[in-house]
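Each of the next two complexes has chain A plus one more chain, namely chain B in the first and chain C in the second.
Here is the complex of A and B:
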């Protein structure tokens, strides 16, 4: 690295916010992906900006010296997305975390990119509002990262993903120029004026611009929720039950499946749950006013009862919390399936058509068995999104190699099932190799967009199969 | 006992980041190395020998408060403080602490803290310092200016030491105040006071108040005289052998006391006592005894809420807020009991402290070693205290208490805000309540006689 770069950055940010220590660099070599556990990649410099002006100046400097620059939020991605695979500068945006305005009269919030999802929702609660996209990482991920990855969560089945809530963005382009998408002065809730650049940025994973300010749409916070928990001896029955729910005109706010290994893991962690260890457990949530919830829970229960005898339900807050527990702890619980187990984040985000879900689940288990790997699967059965959770011994080299092969097989399976390798987590480095099969010539258009906006290939290079 | 060993737990971190928002130091600087994930990786790389022992890594790891907020937030209980300690042990193996700090440290850990009598003597000296006018002279001459800012503030925040004449051993037995049991064949549950080493020297009256509080709450209180320091400072400073000896001694002493509960009024000590089981993990002879000991250990507010009654107490219209002790909330898992007690006080308004989950920056002697970071943390804390507009900050651990007193000084809130230990606050309010009750009773009597 050119010594002048460090000097210029220190002039720009002040010494405190330019990190070059070996240990500091080491801690920016990873995100939550398994891939970067195995192969961490260190940056040469880390900067911690506090304003759009600083960011713009920094991007210009990166262009001047031809140094790659990687935006990073909380580093909770499971894709290697924020990791500096080609060396250069990591820009940690988590400190730009001010909520600038909650404009409750206009049902929107204006925030900096480093605001953590849960913190925004805490602030919104006071106004009886909420920002619906709810990834499992809501307590720690930044909303800048959520927009960059177009994240979503349990409630996507009803509320959709982050995309739906982005009204406008302030973006520092890869050249350092600053634009505002969605109308530079607009506070409108709908606009079709011009190319939809805001949504070009959504899901661009930090390759097309650095998001520095966000104008987000928010919704009225439902006052209650109800939960139905049901167990099926056969996966196929669970699939049919979900189908029947939709056909009966019911749209739950969450529709989750846990397989046998998951219920086993949850029971290991909290024996008092005493869940039946059948092939499938569904946890279904309805939200709305007290009356709406009560009637929905009743209707869901009626439909489900046609397929199984094991149905529990409630619309009382405390009981709901009880019923919800299984789903809440499953992510952490899977590690218990093996003493000293390490849960691998890999092949963790495929999505298949609803009609092929049971078949896919069975095939994933076959793959796991062929590599002799303990594996649990849970996911959003409402939209066909499965979170596979292989559990290995982190220090067993052979098991690591097998896990890698298994991840590859699961991704291929998703494509074979007319699905996708990633429903919400993103591509980054871990799924770049499937971009061509998934997109064909559309990938060429993506590359052309990238070249146009980022002629020097400065922003987040080496990701998403874009040119390097 | 913890499910995983420290090494196992070090390899179970999947770096999901659930700890990020819980970490006080990360909230100050935003540097990943100031957060739990970064620390686990740095520690691991050091332990595995991927990076050498040098000043840089030492400084990075020394910035951890060891507050355990991250463990509480971690879905798989990665024991970050244990992992950091393990790395620090490796550092001190390679480069034993040299110079005055090293020698003084060893002396304090091996020759002072384990011996209650010596501590009492130190207490005498401090008392002489405060009472002889020397303190005034020192303050006037500005000798303290030679010390760091934090030390000066700490000197000012130090509690008034009781004179030697008032520091006799606590009564071995104090009967419960429960009226309904008097004359009945049922006996009150027996609680032993764990008096602590520094606690008993510097916060003597808090221990006395704890006995009063427990008796009022319905316990027969025993205070075994042979008990010793819990060993927390030793464990945190790589003096494991001394810690083990102290633990064995305490286990024996409290077995003989034949009690239902062993009650601590300092989160830091209580957490250490609960860890005795972990300490004897590989010692089949002591493990069962340690386990039994641990099961009896309770914090004073916890035992009152769960096993006793909350004594009636009355404030005088003040606003109170509560700064939890990290060891109490994260290691002992006592989160609600102190709040429950505070909410029950009549004629006082309890307000939640925003971001109360963050450590106050005291963390043992952290505030002396990491002055800048500790002050940044404290200033942020005091900003939150100001938001509550409380007049009283209640704490549950002597270290936190001193730190909050320092914070009040730093923020210039003297006169409008005071910091107190929860037991001292409640006992005063309890007594106020009793007095007003007697006054009312007398009024009533007078009315009747008229």
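Here is the complex of A and C:
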């Protein structure tokens, strides 16, 4: 990198917020994706901004010297999204983490991009409010990253994904110019004035702008939750049960599936759970007031009981916690399925139509077997979103190669099943090769928009099959 | 218009689907907006397509001869959105009105753009499903128009606006090329693969593409509704009651306000309603199962009773219908407030932060008084969205001029109150002059996107302050 760039960055941020030492740079060379853990890529320099002005100046500098710039939140991405594949600058936004305003009377929160999801929800709680999108990484991930990837998580089946809660964004464009979407001075909860540029930014993975401030819609916090845990000997029964729930007018606040390998893993980690190791375990959550939850839990168990005898339920907070455990520990537990096993994040976010879930689950297991890889599958069955978890030995080179092939097969399967390679994690580098297959000519429009907003291809280049 | 264009259009559509006679053209010269009723503008020709291929060919022809092309649904817009302000072709999409598939197992419907909202919901009902966005014009408006304007309506407070239900769109771009957004062959309920171009199209008012097919998410239909009707002597009490409802964890499925003029109008139209003519009447709806609705209605009345003694409620279908009447007739009733009165659609869609609603309502009445215009206000108080209804004599030129000034003042008031000029109706021509005030530099980005996708400025030109 041009020495003048480093000098100018040090002038801009002060030396203490510019990192150039090897150990520091290494920590920015990967995210949670298998791909970048196998092949990390270090930035040449890391900057840690504290204001929109600094970010804007830095982006202008990057344009002046034609240096790639990679925005990064908490690094919990599973796509290589924040990894500087073309070198250059990584911009670590995690210190822009102030909750600027909880405007409870207007049902909104104004925050900086580095605020961690759980921290916002802790702050909202005392007002009886919450920010519904709830990814598995809620205790670590930044909300800027959630918006950049349009995350969703456990409660999307009822509450929708992050997109639904974005009222407005302050964004530093790839040219360094600053815009405010959704009305430059607005605090309205609805607006259809002009193109809603916020919704172009949502899910654009930092390729069209750096989000520097967020105006988010929040909702009344339900006072209570109830859980129904049920087990099915056949996957198809679980699928039918979900269909019947919807047809009965029931919209649970979470609707999760764990396959046989997952229940096995959960039992290994916590034997006292004593989960029946059938083809499918569903964990269903209802929320609302005490009476509403009691009523919903009753209706859910009535529907479910037509399909299985194994139904446990509760609307008492402590018992719910017990029932929820199986789902809570599954991510960590899958590693136990194999001695020295390591759960790999790849092919981990496919989504298929609900009607094809059982078929898809069976085919994923066939694929896994064909490569002799241990694999557990859980996910948001209400949305058709499956989190496949291959468990491998990271020192076994052959197994690594097999895992890569398996991941490719799973992605292609998802498309074949009229689904998508990614429901909530994003494209980054790990799914760029499917962009044309998934989008056809629409990819050209995406490229045209990228070129229009980022003529020098400065922001997060080398991602999403966008022009290089 | 170049005679060759007419000839080519007749070849493309057949003479029976090309309209050129004056009487026909006149019906396409205005929509429901006051502005276009005062100053209609006829197209030179109207075409009525029946397929994506025809639309694509027509758009290519429009580019070849540089003729403006204006897509139109049912013409229920209140913005001048579908009016051909620069002449040229109007494309009437109302005959592309087939429901192509109700894929109830996958919780989605695939339809053509001309399907009327109520017709889709009738078809969904037998599957126990519904399409939640519910504008006042549901029995007439097309869903293509709803998406183009990102409509919302009565139930947005709980279910969000039209945007939330758009999974994918087939779109004829301004160049005539056809793309499919949200995955070209996908039936997934969630996807974050690539820029979500559907969400750029939503609310772009036909300036970036013509929607030819829609893949919509649908939800389980709640089996029951309950209504709480309550009256407040002071607007501020109504505002506080709404705030307290949210704080108590209650999210009603509708939360409507009618001001004193509205209750007066409703009483004039249907005296047996005998509504108390206080500053604010709230109509609150809850939905769910029988038990859930009963419980919600009880909780809502408990909260409301802290602020007023006038609370009526029911969760019995027939009684609910009675209580809902006040809200149902208000649009039509306002005309009764003045002999020979005509309700004008202008300044009819502002949205302000919830905390500023009482102040805004009072100021609108001050403005109306200053112009000596009768004015009623109702709207979606849960979203801060007010539908102001000036009632004037359409033969009184002075009153027309005063109404225009009043509309301008209301729009400026909305911006001053940190709100927006339009929450759900759109910009079109009637709010174009506020685009720069509302969006500042972001307007330049909108223009750049318009230029990129529509280099010849063919689609719906002269709207939304976009380049001409």
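Keep in mind that, in the parts below, the second predicted complex is superposed on the first by the 468 of 468 C-alpha atoms of A that agree within 3 Å, B and C clash if a C-alpha of one lies under 4 Å from a C-alpha of the other, contacts with A are read in each partner's own complex, and residues count from 1 in each chain.
Basically, a contact is a pair of C-beta atoms (placed from the backbone, for glycine too) under 8 Å apart; a residue touches a chain by one contact, two chains touch by 3 or more.
This structure is a prediction, so every number in the text was calculated from the model and none was measured.
Colleague: Please tell me, clash or fit, for chain B and chain C sharing chain A in the overlay.
Modeller: Chain B and chain C fit side by side in the superposed model.
Colleague: Tell me the contact category for A:202 with respect to chain B and chain C: first, second, both or neither.
Modeller: Only chain C is touched by A:202; chain B is not.
Colleague: Based on the superposed arrangement, let me know which partner A:404 touches: chain B (first), chain C (second), both, or neither?
Modeller: neither
Colleague: For chain A, which side has the bigger count of touched residues, chain B or chain C?
Modeller: Touching more of chain A: C.
Colleague: Thinking of the overlay built on chain A, is A:343 touched by chain B (first), by chain C (second), by both, or by neither?
Modeller: A:343: touches chain B, not chain C.
Colleague: With both complexes overlaid on chain A, does A:37 touch chain B (first), chain C (second), both or neither?
Modeller: The first partner, chain B, only.
Colleague: Is A:431 touching anything from chain B or chain C once the two structures are fitted on A? First, second, both or neither.
Modeller: The second partner, chain C, only.
Colleague: After the superposition on chain A, what angle is formed at the C-alpha centre of chain A by the C-alpha centres of chain B and chain C, rounded to the nearest 10 degrees?
Modeller: 130
Colleague: Determine, under the contact definition given at the top, whether A:95 touches first (chain B), second (chain C), both, or neither.
Modeller: first
Colleague: Given the touch rule stated above, what does A:161 touch, chain B (first), chain C (second), both, or neither?
Modeller: Only chain C; A:161 stays clear of chain B.
Colleague: By how many Å are the closest C-alpha atoms of chain B and chain C apart after the superposition?
Modeller: 20
Colleague: Need the overlap of the two footprints on chain A, from chain B and from chain C, as residue ranges.
Modeller: Common to the two interfaces on chain A: nothing.
Colleague: Help me check something: in the complex, which residues belonging to chain B touch chain A?
Modeller: 4, 8, 11-12, 14-21, 30-33, 35, 37-38, 41-42, 45, 51, 56-57, 60, 73, 75-76
Colleague: Name, in rising order, each residue of chain A that touches chain B in their complex.
Modeller: Touch list, chain A to chain B: 19, 21-24, 26-28, 30-32, 37, 46, 48, 74-76, 92, 94-95, 116, 118-119, 137, 139-141, 329, 331-332, 335, 340-343, 345, 394-395.
Colleague: Show which residues of chain C lie in contact with chain A when the two form their complex.
Modeller: The contact residues of chain C facing chain A are 103-107, 127-129, 149-150, 152, 156, 160-161, 163-164, 173, 177-181, 183-197, 199-200, 202-204, 208, 219-223, 243, 245-251, 288-289, 291-292, 295-296, 299, 351-355, 383-385, 415, 418-427, 431, 434-435, 438-443, 445-446, 448-449, 451-453, 464.
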